[in-house]
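What follows are several structures.
Two complexes come next, and they have one chain in common, chain A, joined by chain B in the first and chain C in the second.
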Partner chain A sequence: MSNAIETRGLEYRIGRSFEIRDLALNVPEGSIYGFLGPNGAGKTTTIQLLLAMRRARAGSITVLGKRVPQEITAVLSRTGYVPERPHVDPSLKIDEALRFHAAFYRSWDDKEGERLLAQFDLDRSRRIKRLSKGETGKFLMVLALAQRPDLLLLDEPTDGLDPVVRREVMTAVVDYVSQRGATVFISSHLVHEVERMCNWIGVMDKGRLVSEMTTDSFKSGIKRLRVTGAPQSMADPPFVLLSRQPSEGVIEGELWVVRGWQAPMRDYFESAGARLTEVTDLDLEDGFVELLRTSRSRQPLEGR
Partner chain B sequence: MFSQLDSRSPVPLYDQIATRIRVAVAAGELQPGTALPSVRQLAARLRINPATVVQAYRDLEAEGFVEMRQGAGTFVQEVAQDRRSSERARQARRLVRELVNEAARLGLDTDEIMEAVRTELGAKRS
Partner chain C sequence: MFRVILQSHWNWSKLLLGPGVVAAFALPILSVQQINEPGYADWSPWGTAGLLRDVESWGIWYAALAAGLGLAIATSAWGSDHRGGHVYALSLPVERWRYVLFRYASGAVLLGVPILSFWLGALLAIASIDLPDSLHAYPTELAVRFALASLVAFTVFFAISAGTMRTAGYILAVIGGLLVAQLLLATAGAGVDPLEYVVDRLTSWPGPFEVFTGRWMLIDV
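Moving on, here comes the complex of A and B:
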């Protein structure tokens, strides 16, 4: 399977500080890819680099098989983009903005635009500046979807929207993917929002990609272990040890958070004279938090 | 049938969907020939990746629970009685395994668990 988005060694700086550092993204064609990270991790900057709004200092970008920025025109004609902040003239009416936007795209589907406006209950004579936050979010999604793109780049598409609108918008995205098999790249700092939909996850922190894997393997490998009688220094474990904490409270035993866990690895503890008393599954959000915690403690801040 | 999908569970979503359908077929709730929701319908309804639905349906097809007919949809297959009973037994064991694990975590012993199971089953019957 080829990648809809691929970057290698991508670097971007503002002044002397690194915003993006040695970024190697692989977004498989047809995937719904959750681009996660706390605020300020570099998610929006990355999207702006992918769309050639900003120029990287080093590295390469390929989107839909085209080089960016050299072949950005071909990329933009096939890419639907929902930015973090609205990018339409607020003084226009919905149908005026729609007509103007449509003119940029050969693939534009009028009928689909109509259908989505009706589905989202948006009145085409309303002015953009009079729309509520939720209506604006829905309208931006209409613009991106009626363009019939092969790639959807959504930058925090539901940030600040109420749960009802969030559902409506995400249902429309899923429905579009079912019909078209498009690739979707969604940035978000809300893990629960994307974990149902995304089959790939990339986690950013401080301008670096901390982890990139399928959602299922991310979820299935991360466990919290309760261990008693473990000596301070032990042989290298067969799993990735993310954190090791002394016991807290009334329950005995240290807490280990590990990645890549498999049941036969119990032997590792027994051979060291320790005892594994409990294995708990962590969900995506717990795993995400642990991942950030450990990546931060391993890599002190540089260049800031 | 899919109201209790849990995206936080370590059990992958496709597996949860396939399990719901297996149980419904085993219990006779889904009769042979019944059409399952289309991939597009189910994905939109659950707001999950369409590929997840496809994977669940493929697994069910490989096990002989459903048949995917090109362009027509996905249909429940005739499943032999003994196969249905063994599926029900498998689901019962899965439930009890969860119960036993949780009970061990709380430090409950066998008598306490059995007693509670009898009480709850009795309350359900009356």
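Moving on, here comes the complex of A and C:
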């Protein structure tokens, strides 16, 4: 499977406080890729780099098989973009903004635009500045979807929207993908939203890609283990140990968060003289938090 | 593409453009109104000289209107893009140079309206008066000059307003630096006047603002 988005060794710096380092993204064609990360992780900056709104210091970017920034016009003609904050002139009426937008896209589909406006209950004659936050979010999605893109870049498209509107917007995206087979790259810090719709996940923190894998492997392999009698150092675990800490309260032992867990791995504890008393599934949000915690505790060591 | 950019520019500039068109039409007519007043038609050499002085006194208003129109159209050219921090424009599938060119061209087209209005006003003004044989009217020549001056002002302000706040800061810093240098040199009695030098370079040929200076004469010998 080829990648709709691929970056290699991407470097970018804003002042002294923030930088993106050695970013290597692989977004498979046809995937719905959730780009997770806490606020300030560099998600928006990465998207802006992908769209050539910012210039990288080093590295390469390929989007839909085209080099960025050299072939950005060809990329943009096939990409629907919904930014974090509304970017359309708010003094325009919906109708005017649609006409303006349509003039730039050969693939623009008037009927689809009309259908989406009706689906989202948006009135063409209203000015954008008079729309509520939810209506604005829906309108930006109309612009992105009616141009029939091969790639949707959505930067926190549902941030601040109520659950009803959020579901409407994301349903429209999923419907579009199922019809068209487009690739979706959606950045968010709403883990549950990503969990529901994405089949790939990349986690970013402090300008670095911490992890990139299918949602299934992310969810299925992350467990919390309760372990008693474990020696301080245990050699070569068959899984990835994300965190290890004493359990709180009256229950003795330690809590381990691991990735890549499989049932036969219980033997490992017995061979080391420890006892595994409980295995708990973690949902994506717990896994995400543990992943970030591990990544942050490792970073100072890596820096030495 | 160009049509929608022109439409967008029109939306942003129509409130300024309307009065500009009226002013451009009215200014040449107002500048010769006194000739129709009773007792003015004194075509002796002294009377003719007086008429030319009167006509010339209106020149500053032609230059000011041309500059004002250029400024108004230029600042409104980027109005919609500034609102969205230029993110929308950057996300459109069009080369940046082409987008800038379209924005510039839309401004030039809109400027055509007050320029045409000015030309018509100048023709009407001349048609409404009787001139002695010693004087000639130059409505088309004045309109061409008005067009050039408007375009120069539009181009300069278009370039400035296209930039970021940082660019504007640099320009202000250069102007501020010149003023400070002027002050220091004057205090030290150095006999050098950098500000005058810069202004002179800009307003005399081949400086870009040369078109604004000199005599703007609808009627001349």
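The rule is short, and it goes like this: the second predicted complex is superposed on the first by the 297 of 304 C-alpha atoms of A that agree within 3 Å, B and C clash if a C-alpha of one lies under 4 Å from a C-alpha of the other, contacts with A are read in each partner's own complex, and residues count from 1 in each chain.
Assume a residue touches a chain if its C-beta (ideal position, glycine included) is under 8 Å from a C-beta of that chain, and two chains touch if they have at least 3 such contacts.
Predicted model only: the values in this text are computed from it and were never measured.
Looking at the shared chain after the overlay, A:268 reaches neither chain B nor chain C.
Applying the stated contact rule after C-alpha superposition, one finds that A:51 touches chain C and leaves chain B untouched. By the touch criterion defined above, A:239 reaches neither chain B nor chain C. In the superposition on chain A, A:192 makes contact with chain B only, while chain C stays out of contact range. Contact with chain B, but none with chain C, is seen for A:216 once the two complexes are overlaid on the shared chain. With both structures placed on the common chain, the touch criterion links A:91 to chain C but leaves chain B unconnected. Once the two complexes are laid over each other on the shared chain, residue contacts for A:32 go to chain B alone; chain C is not touched. In the superposition on chain A, contact of A:108 is made with neither chain B nor chain C. Common to the chain B-facing and chain C-facing surfaces of chain A is no residue whatsoever. Residues 51-53, 73-77, 81, 83, 86-92, 96, 99-100, 103-105 of chain A are the ones that touch chain C when the two sit in their complex. Residues of chain B that touch chain A in their complex: 7-10, 12-13, 39-40, 43-52, 105. By the touch rule above, chain A contacts chain B in their complex via residues 30, 32, 167, 170-171, 174-175, 177-179, 192, 195-199, 216, 219-220, 278, 281, 283-285. By the touch criterion stated above, chain C contacts chain A in their complex at residues 1, 3-4, 7-8, 11-12, 79-81, 83-85, 87-88, 90-95.
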